[in-house]
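Shared chain: chain A. Partners: chain B in the first complex, chain C in the second.
Let's turn to the complex of A and B:
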């Protein structure tokens, strides 16, 4: 073995650096050597793209020209974005999309988890069926829902007409006012099973004895839920909501495949808009500036996520 | 406070009978321990009394009411659980106040009762803390307090000390005993630890396999176990049980072993063994009633030392005798070594005799 690990004598001789942090690194140089390949790969596939996106966000990139013809324009891309009407429209859509999907998915998932928590015949089968939306391909699901919503051949329209509720099938996704809610319904359908699974796992950790104690103490079913079950699920709820929020903020497949942002930007959210700007209209600079803004917002969400997780550990550690 | 009557109580899960025709009366102010090994039905019985489990048949009377179909909250009981079951997100104060809030008592009355309970249990300084900031003993005291504020007719305790370390358990044992004496509370206490039952309870109900085996004062249960199960379960180290056969030779009745020796019996013990329907008789003897000799004396039986366990005050010797292991306690100044040959002398007055077939104690007239 040539790696120096223990002997202080040997380490002192080999030690060329004096400053604290560097000395620390030198003392653990073998450990750093082991993780170096992983760090190198991360730098290439993550750090460099992030850097390049930030760089591009300060340049004008004329469509049709090569990227090396870009010209530095400072914060112009950012001012362009923040002053454009589309930006505010898309931001509003993103907020509705993210909060609507997250909130309703969580509530629906939680309710389903509570319903499935009791033992009844067919519980296993029902649970398996309810997980299907989450496990099938989002692309396939998007195409299926596109047909379900179709204004001429869609099954929902046909049923509504058949029941005599409307004369002609409603136009779900070719209509500026209904397109976003329609897409949110699909998104909820797809991701509520995730919330359900998380909350089902959480429910299994509620101590049975606490519920019994509350029963003896005179709490009714609702009070037992409110005073015992719900507080116990606080942490898993926070984590579930944050994971859903990040996933929804980053949504792409469902809105892109079903409507590609249309009609007239009514269903564009940030990710689809950035994609269209970059790969549709080749406005790399503006798209990069958008990405940087999105990155900052997601970093903030990520911060809360990590804090919620480490909060859990602190509590478990001292319990 | 109130008395509790269980009458022909039965609980079945499918074809499994967890509680089998249990009948007993707990008098007002009595401390009764339900004791038995795991799965004997003691906790199920307690849950039936609490109303957390529904009864299959029989009656439960608390005070003067039949409570078979009442919810736990309407039975006027309070329960202390094994894992304390404190609400982790609530402060000690709110934990104590919770059962009163659920009963919609006025706020100032709740405050008065909580503070009184905290004073009685000496935990006024803990009221603002969360359960996780308390030691195991303090948590258990809060659990007691939460039962106390309710001023219930009956306290039900489900192995409340089994999560505590040995030293704290001894301390909390005397605290609960004191709690009972001060409040004159009716307490039904479940434990698998026979020592807890013997030291704390006015009466103990020994259960096994869903059946109530014996219900009497600890002293009676200790001195007159009704069957081999109770005999071996109560007392530590356990009573030694030696399977033997009766024989009549030369006009006298004796117990003989397959090893060849025989043990003459006193007239009273002869009367007992003649009650047995079979020749198979089991001799039971507690460690303190057997004398150990280093050489043969009249009436003693040869045995071989298996292990020697000095505990300071006494030394426990385990010896092989007729295929069974016999526990004997000797003063610490008597030195014996494993595999040493010894002679054991049984006290005729204090030995127990059991029917080898039915396992029931044989009694003289």
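Let's turn to the complex of A and C:
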């Protein structure tokens, strides 16, 4: 039985009837008010630059003129990009860089997390050591690796020559074929600890009793991993992979400092190429069009990331 | 009689004294310009220490010393390849400026050669540039042509146009209007290790006469000693690359345009000429055919060659007179046997003129920097404190400071700097200075075009990298670069 007082009835009459979404927003109006300042800041520092970049991508900006002297050319910048040889080369490099770095970092991080999940003496120390590459500044790491790889006097070369394995130091970063894999190795070294930490956190959520029950039921180590552990880590894996992929698509410091996209554009990825187009060559229009394309790709990745996160929330909610 | 003679002698002495003092302590504005037609190491020595200048007094005529104002200033400062000596002079300069103009609130920011252009361009887009900027010689015309800079000539800061190298003035002139004041100008020299030459069977006291000899010597050093012969530099987006490749290109009779001629027109692109290709071929021969240069040349800068040289692992390189001081700094930081090795290298360090091309043509990049004042609309806050900016420019471009700030690495932009006592001191302390000052008349400025930074920092290094990595043949790389320059000049 519902008791309706005169006050409640009066309030109901005063409030306009709202459809689902609007009613929902109204019900959470205080929450929106709390995030309003953050949204306002984002509009200024994110939304406007995005709008301006999109606008600029439709203009020709000759390097000899000021930006205000730009001329509208519609989709010409996009056509120029998509028909240029460099674009496809740089795109191929970007895909190799992103997928190579992401996949190997994840696998290595996951494997390390599994190894460190077991209890053994010195586990804490090892965990701390393995995190070091992730906490080192990327700029410092790039300079250190540049010297490690140095084609004449690098540490790796010196060791290999010293051991008599080769006559000359290997050419890691001054060669068009080896430069990108060499940079990917540096990137993996730097970011696999991130995957490791994420997966270690994920491993904490695997119910111990399920693993014990599986063991009692006669499941071997692989079966326990595949049928019990891994399904519990699926969502954290997706999130980790997406975060790594986004970071790698946007990665700038390592390739720029170590090779500046060279030699002969062999290590140029999108972001370094965009930087060179904009700040080195002042092709603001073309660089903006590149940025818009990159933005769309990252937005797609972001969508999947949010979906993966909300999937997690739904599962937790239903549990 | 004696009294009269004594009185006359005192009078004559006083007059001579006054005259001498007035001659010795001349205002920079009134100083007779240096005679460039007589330029030689002997002439430079003969004028060094002949004149005193009153920097504060001269600058007070431009901006009163009690002037109250505020100046934002960016400058191309010292970087990792510079000697410690230069760092000290930079520190001293800003301290002196603050003492001389105590009421000018100076907000200075030092940026390296490779970062300055990018940062400055970005700031200009957001109308957030500093009031004054000291740019590399390459940058002036780009910003002048786009209308960012205010007209500014040496006369505006108390000097005369004749006080500066004509080549330097060309680099700050766009469409007949002067937009800046040169602070320093330099030419590099050829440096070699006499001990390495001797061990490789070469004459230790003779620099290679031609670039073809450099190729031969480099191979000989590498084949006999197993070390790198010539310090090739081919990194992209690094000023070091054009400073080392352009002298080679010009010596072979090539060029980007006709910039190596007396009256360049910059109409025809010559990067794909047979002469330009011959110059590129020489680099190819050293890197690919003979493997006689550092493999790391594609990612290296000159700062990376310096430790190789001091370690006795590099036979020859093109660089500033300051490299001698850099070697001393590196030696001081070395320990144990490395210290002795470094000392041997320093003792065997020799400087010579840059080699010529097959036709005897000798060329070198006429480098340096200039100071400019921005138009208010591009400056943060929309205001430019002109008197404060002029005070800074007057001081930096003075005979005294344009020499001190270039003490080890360059030469004074203000030619009167060569007459100061510090020049005399410099000639005694900076080894091989004669050689680099001797190279000055061979200096060729980069094309005075707004597109020059892209050509020199991106297109030329790209051409080198394309040829040296085998991504393209020498012909293809030169043709590709020429096409890029044509497209660029066509506004693409």
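To be clear about the criterion, the second predicted complex is superposed on the first by the 279 of 319 C-alpha atoms of A that agree within 3 Å, B and C clash if a C-alpha of one lies under 4 Å from a C-alpha of the other, contacts with A are read in each partner's own complex, and residues count from 1 in each chain.
As a working rule, a contact is a pair of C-beta atoms (placed from the backbone, for glycine too) under 8 Å apart; a residue touches a chain by one contact, two chains touch by 3 or more.
Keep in mind it's a predicted model, so treat the numbers as computed, not measured.
> Following superposition onto chain A, is the placement of chain B relative to chain C best described as a clash or a fit?
On the superposed model, which is not a single observed complex, chain B and chain C fit side by side.
> Quick one: classify A:231 as touching chain B (first), chain C (second), both or neither.
first
> Using the superposition on chain A described above, determine whether A:279 touches chain B (first), chain C (second), both, or neither.
second
> Just to be sure I read the superposition right, which of the two partners does A:165 touch: chain B = first, chain C = second, or both, or neither?
Once the two structures are laid over each other on A, A:165 reaches no partner at all.
> Between chain B (first) and chain C (second), which, if any, makes contact with A:296: first, second, both or neither?
In the superposition, A:296 touches no partner, neither chain B nor chain C.
> Please indicate which partner A:21 is in contact with in the superposed arrangement: first for chain B, second for chain C, both, or neither.
A:21 sits against neither chain B nor chain C.
> Among the partners chain B and chain C, which is in contact with a greater number of residues of chain A?
Result: the larger residue contact count on chain A belongs to C.
> Thinking of the overlay built on chain A, is A:217 touched by chain B (first), by chain C (second), by both, or by neither?
The first partner, chain B, only.
> Using the touch definition from the top, say if A:259 reaches chain B (first), chain C (second), both or neither.
After superposing on A, A:259 lies in contact with chain C but is clear of chain B.
> In Å, how small is the closest CA gap from chain B to chain C once the two complexes are overlaid?
52
> Do chain B and chain C land on any of the same chain A residues, and which?
none
> Spell out the part of chain B that touches chain A in their complex, as residue ranges.
50, 52, 71-73, 77-79, 81-83, 85, 87-90, 98-99, 102-103, 132, 146, 150
> Under the stated contact criterion, what part of chain C meets chain A in this complex?
That would be residues 118, 121-122, 125, 145-148, 228, 234-238, 294-299, 308, 313, 450-451, 454, 457-458, 461-462, 465-466, 468-472, 488, 491 of chain C.
> So in the complex, the part of chain A that touches chain C is made up of which residues?
Against chain C, the touching part of chain A is residues 62-67, 146, 150-153, 168-169, 171, 173-176, 258-266, 276, 279-282, 284.
> Under the stated contact criterion, what part of chain A meets chain B in this complex?
Going through chain A, the ones touching chain B are 207, 209-210, 212-219, 223, 227-228, 231-232, 234, 315, 318-319.
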